[in-house]
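Pasting a structure here, questions to come.
Chain nomenclature is as follows: A, B, C, D, E and F, assigned in order of appearance, with residue numbering initiated at 1 for each chain independently.
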Amino acid sequence: MPSHPTPLRFDRLLLTGAAGGLGRELRTRLKAYCDVLRLSDISDLGAAAAGEELMPAPLEDAAAVHALLAGVDAVVHLGGVSTEQPWQPILQANIIGTYNLYEAARKHGVKRVVFASSNHVTGFYRQDEVVSPKDPMRPDGLYGLSKAFGENLAQFYFDRYGIETVSVRIGSSFPEPKNRRMLATWMSFDDLERLVMAALTAPVIGHSVIYGMGDNTTTWWDNTSARHVGYRPQDSSERFRAKVEAADPKPDLSDPAVIYQGGPFVRTGPFD
Amino acid sequence: MPSHPTPLRFDRLLLTGAAGGLGRELRTRLKAYCDVLRLSDISDLGAAAAGEELMPAPLEDAAAVHALLAGVDAVVHLGGVSTEQPWQPILQANIIGTYNLYEAARKHGVKRVVFASSNHVTGFYRQDEVVSPKDPMRPDGLYGLSKAFGENLAQFYFDRYGIETVSVRIGSSFPEPKNRRMLATWMSFDDLERLVMAALTAPVIGHSVIYGMGDNTTTWWDNTSARHVGYRPQDSSERFRAKVEAADPKPDLSDPAVIYQGGPFVRTGPFD
Amino acid sequence: MPSHPTPLRFDRLLLTGAAGGLGRELRTRLKAYCDVLRLSDISDLGAAAAGEELMPAPLEDAAAVHALLAGVDAVVHLGGVSTEQPWQPILQANIIGTYNLYEAARKHGVKRVVFASSNHVTGFYRQDEVVSPKDPMRPDGLYGLSKAFGENLAQFYFDRYGIETVSVRIGSSFPEPKNRRMLATWMSFDDLERLVMAALTAPVIGHSVIYGMGDNTTTWWDNTSARHVGYRPQDSSERFRAKVEAADPKPDLSDPAVIYQGGPFVRTGPFD
Amino acid sequence: MPSHPTPLRFDRLLLTGAAGGLGRELRTRLKAYCDVLRLSDISDLGAAAAGEELMPAPLEDAAAVHALLAGVDAVVHLGGVSTEQPWQPILQANIIGTYNLYEAARKHGVKRVVFASSNHVTGFYRQDEVVSPKDPMRPDGLYGLSKAFGENLAQFYFDRYGIETVSVRIGSSFPEPKNRRMLATWMSFDDLERLVMAALTAPVIGHSVIYGMGDNTTTWWDNTSARHVGYRPQDSSERFRAKVEAADPKPDLSDPAVIYQGGPFVRTGPFD
Amino acid sequence: MPSHPTPLRFDRLLLTGAAGGLGRELRTRLKAYCDVLRLSDISDLGAAAAGEELMPAPLEDAAAVHALLAGVDAVVHLGGVSTEQPWQPILQANIIGTYNLYEAARKHGVKRVVFASSNHVTGFYRQDEVVSPKDPMRPDGLYGLSKAFGENLAQFYFDRYGIETVSVRIGSSFPEPKNRRMLATWMSFDDLERLVMAALTAPVIGHSVIYGMGDNTTTWWDNTSARHVGYRPQDSSERFRAKVEAADPKPDLSDPAVIYQGGPFVRTGPFD
Amino acid sequence: MPSHPTPLRFDRLLLTGAAGGLGRELRTRLKAYCDVLRLSDISDLGAAAAGEELMPAPLEDAAAVHALLAGVDAVVHLGGVSTEQPWQPILQANIIGTYNLYEAARKHGVKRVVFASSNHVTGFYRQDEVVSPKDPMRPDGLYGLSKAFGENLAQFYFDRYGIETVSVRIGSSFPEPKNRRMLATWMSFDDLERLVMAALTAPVIGHSVIYGMGDNTTTWWDNTSARHVGYRPQDSSERFRAKVEAADPKPDLSDPAVIYQGGPFVRTGPFD
């Protein structure tokens, strides 16, 4: 049963990054909300299930991305690099790739995007600060920078062309939180589905930014400004607290990865 | 059983607009909290039940309104026009009428008013914005303008005369939400009762403004600044989402009634 | 020589309230910026000078006001009651009258209004607070309430009909400050002219709110949010400080007229 | 069973003020989270239970306090005066005493303090205002002033020496709310325990300020800025509303103790 | 000729700290505004000039301070420690001493204080941040802590007893700026006089906080919230820039005294 | 004579974009503040004057940019595309190029950059709004997007590597304002020099964002948060008002280029 109560269906949804961790999870879930689910990635997507359409495409290939957007009602854009990496892959997939995606959406008249942004857009805030989507960006690396670029791109495509986007600053979406940082940042797959579907079906969204987190007791983010999105998380990291804390009883406060919200990303690299 | 847990009782409460949609609902509910419930309207109020007092009065009639306030402990002021209408009825009932009501309260020493204001006081904010009671007013029509006038009047009567008011910017209070807009704006009758009683019984209220909405997943309003009122909604529009969304799958983003919080009010009229 | 450096001219400007204190002052000044200056009031306007057009009209007379707006490019609306008075004159001239004015503007396609609002819209803030046009209104009397109504009306006519207004919350515009309160609130006639002309000629104004004050050393208002209006005061009350302070060495802090920004308005009335 | 789910344990915790109302309550609860619980007070502490260490010490005695901090991992500092009192006891225990405590912590390398601050740091805000930990302090008496001093001290010891503190602005922690004010300010002992343990175990806390209140329907405080502390109250004063309101049906709005958040503290004293 | 244009005179002003650097400067200046200038300090005050009254008093001596306040109209309180020092002198003169001063003012009915607070109340903000008097305090040492205490005390004595204070967070008042930090913090003696007199003569001041700085090009502070005080600086540090910068071409960014607004205070001490 | 009063000199400054409009202007001005001025561009730089060093380099060439940064004390980075253009040139020069510049600065230990950002980072705000550097970005095109990227990059290189940047959101720096938009956005070359030198010589700058505008009467931007930079403009567009307004008496409010701050940039392109 879908996690989100909407009965709204799409003719054709595009899911990029469908072979990644969250992509594989959403692949099985989004099918419930559309007739055709077009899946794209550069990694192997396996065989198409009923109602699925496979269209592998490198995001930096403008022509391929143009083809990808043809005939779709809306896009869930998870594609691209999702970890801190050297400049070249991030430039190609996340900067050039996201530009290609929005240009293709504009040319094909696609009007709604759910953009997988990241908490790393504000990863250089401290873990004792509470940040809102309206606060200035403080990316914690090249990956965060590329997601900041994507959010600004989404804002521009709304202001200029009326393409609506929800930029979801995803925290940590895994079966369960793996460490103490994730007590704050964790979002269950069910909550991820709820958030993506709320973002796809809200009638008026402009460009909205929302942190993708669960109903956690410890949080660093204040989503008040995004209540219109219609996302209410239902799963909390709290039931994993004992296990997670037991595994890491003494965080080292001299480690930037402990102090800053971005965690290890804030000290990954430089790569050359 | 009353929805609000207070044991506080009033000797005599005045309910204006008692023949209207919300008035009829509150008529049966408020009786539990007072010895005498004085009811007023210009429409037929039917027969008085036990403990009820019927005093029909046009709000624009200062003398009649003066009589209405005699001997009451507090007022729930629903009276007046509650839809977008031409200037004359709004001027008479909502502007002149509300002035008459506060003047009468001042002269009779009535110290507490619950004023049925409206979300249309801020109806020209977009549906992708989250608004707080402290944000500048943006009325969406003559009705919203008259409610903005009422709120400012209430502020003045507190600052000058110490008459306390809670201005409730009512969203949409119906048995159930009728359309997608109401997923954000809906408030159940039980929640309405809770809010009115909290507003009547809070010890210190000054002039407080609060949005009248349920515990909805999708909201446009942030009531943080009004937590002292002591209202916590318990009913959510979410259980109606499937039904409501199915009936309106494709809102038209070129329609101001879709874009703005005020809905159809933003394009009703002009009337001549 | 005009105080404001603009070379822009209007074919026909309407000045309401032209027989009042500020009206008489602006009558001689505005002529420099238009071919025809239409003057209106209910008091005697004297004889028409070259380029002047006299059209007496009570603001509460919708038909008369409709005629008044015919053929004008823009309006400087000083008309109506400008002191604290009983409800009836304020209702007629300021509430009904301002509504009539905007309706007439709408019907005639007039697109720019300079609305003489008042600092009394926020007169119940204390004199040790600094208020911005974005802060909640706190009118200090019926006059302030009527100006608050006018500002909200202006906001509505912009949001709905695109009629642009600068609401000028005039402080105290006299030849010189008369008392200690006016050290904060004073605006010279030259600065008044600068502000009105900036408001008439700024290319994009939406509905903007600005306090009408001079370059005073003591101020209660922060016009940062209105810098786009293009008003920079050049006259300061400071040169009158010695004279004004000598006349009132010991303000009485138990007097609300001393404590609140609205001065004596906060304790004028009630009138019956 | 502990109220807070953390498995983290301390070798030695110091609890000051252990003989006071909250001290006695936490004495039995904190033991579950540490090997040794060192208890201090100037009142009789009774006999040491297993795992307890008794070290009576007047806080104004720097040497005694220095000894107190030796070998502890973290401090829960409830010690000192906790009611409005004359200047001397407050000066000695709360100002000099808290300084002694932080100096001792610095010298012994103790890096985490939970400081029992008080809502009286902001007690001169009105009961119809919602206050955040970031708003300017408005202490309501000498006690509130001393707690404000303690918070600033904690901020300084973090900024200069890296000693982390959660300043908990405790509302009213009793078995149940005793009056209408406590409907807003009440915090159960279980919630107190949750909050103290969250403050002790959060990895990164800097100097954080949080109001210590329950999940109450009526509140005056907004803890949004302290969500990173990881405190979510689970008990509400609401189930006591009927009893409490029945006992005080008519608060007197001319009484500062009714109007201001600090309650009777705002009019206690002066003492000479 | 006085720097401030006010003609208002006091019968008797009290200047504490009159033998200190700023005290000696104000001693000669304040005389112009009062019949009797009472001077106090613990250091030698020399001989009394005409219209001067010498009353040496240690601030920690409550009886002596009580006598000091007898018969005065207003106080300019510069007394106490004005540099970072060990706890004892700061406790005695600044914490106990300021408490004694306000208690004496209360008992004698003195209603206006100008309190020499300090920029060190917020000295742990960075030099690339702009701070307002409404931002949370971040004292940079014991001296800053004692001034924060004084400001909170002033707020309390206004809220409870109606004693009005302007807390002046003095930057650096010297004949000229001595180093690069002072380009931001410098205030000339003439500007100091202007500010003190504005604070003494403004009709309504409540408790207002203002940074004491000149019309400097480089600043760290935003006094917008204190415009009602009526202070407009006229002297700028800019004419000293070349000299000051030449003497310190390469600030060391690893030095906290360079990074933080408090300068060397942030690393003075600890003293034992 | 230099416009900025600093006596501080650099051994070697790098000026990129030295052949562009502002580059040619700064080339002659910056020489006064350094021993060697290294100039770079892809356009012809003419012959090197005394104390000049010419190093043409395409910004997208990482190796060339690496060489460019060798041995420099600080960088004034004007290089790259400075108008709305198709994606490819903007990607190459502004996104890849700015990344190359910061990487080179990191590797060479260059610690100060003045980055020529642009008002087009926030060009989709309306002309009746006043924007601060802390408000969310709303770029008006690909050029604005690339400058937003550069600002975020600068923030990251400060947070991670301690490289300090002032991002100057340049308005319109020309000999005089050319149109009505520039009455708000204009900055004289002298003011540009003042701002660049303040940014180069301020001791502590972190990553600061400031709008590059003159002392204009009409403005859209509030630089309060950047006062620590030490920039005070001295030239105003006001003396050009008559000429500019006469040339454009009737801006067309249906034109986005009139409504939005970005002017014609908001409707330039798309390019394919």
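Note that in this section contacts are C-beta pairs under 8 Å (C-beta built on N, C-alpha and C of every residue); 3 or more make two chains touch, one makes a residue touch a chain.
Predicted, not measured: the structure shown is a model, and the values here were computed from it.
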Checklist entry - Which neighbours do subunit B and subunit C have in common? => result none
Checklist entry - What chains, if any, are shared contacts of subunit E and subunit F? => result C
Item to check | Fraction-based call for subunit E against subunit D, same above half, different below | outcome: same
Checklist entry - Using CA atom averages as chain centres, what separation in Å is found between subunit A and subunit F? => result 32
Next on the checklist: What's the distance between the Cα centroids of subunit D and subunit F, rounded to whole Å?
Outcome noted: 51
Checklist entry - What is the distance, in whole Å, between the centres of subunit C and subunit F, each centre taken as the mean of its C-alpha atoms? => result 40
Next on the checklist: Two or more other chains touching the same residue: where does that happen in subunit C?
Outcome noted: 224
Next on the checklist: Dump the list of chain pairs that touch, please.
Outcome noted: A-B, A-D, A-F, B-C, B-D, C-E, C-F, D-E, E-F
Next on the checklist: Could you list, by residue number, the parts of subunit F that touch subunit E in their complex?
Outcome noted: 5-8, 111, 162, 198, 201-206, 208, 224-232
Next on the checklist: Touching residues of subunit F toward subunit C in the complex: what are they?
Outcome noted: 126-130, 180, 183-184, 217-222, 224, 238, 241-242, 245-246, 249, 251, 253, 258-259
Checklist entry - What residues on subunit E touch subunit D, complex-wise? => result 87, 91, 95-96, 99, 103, 106, 124, 134, 136-141, 144-145, 148-149, 152-153, 155-156, 159-160, 266, 270
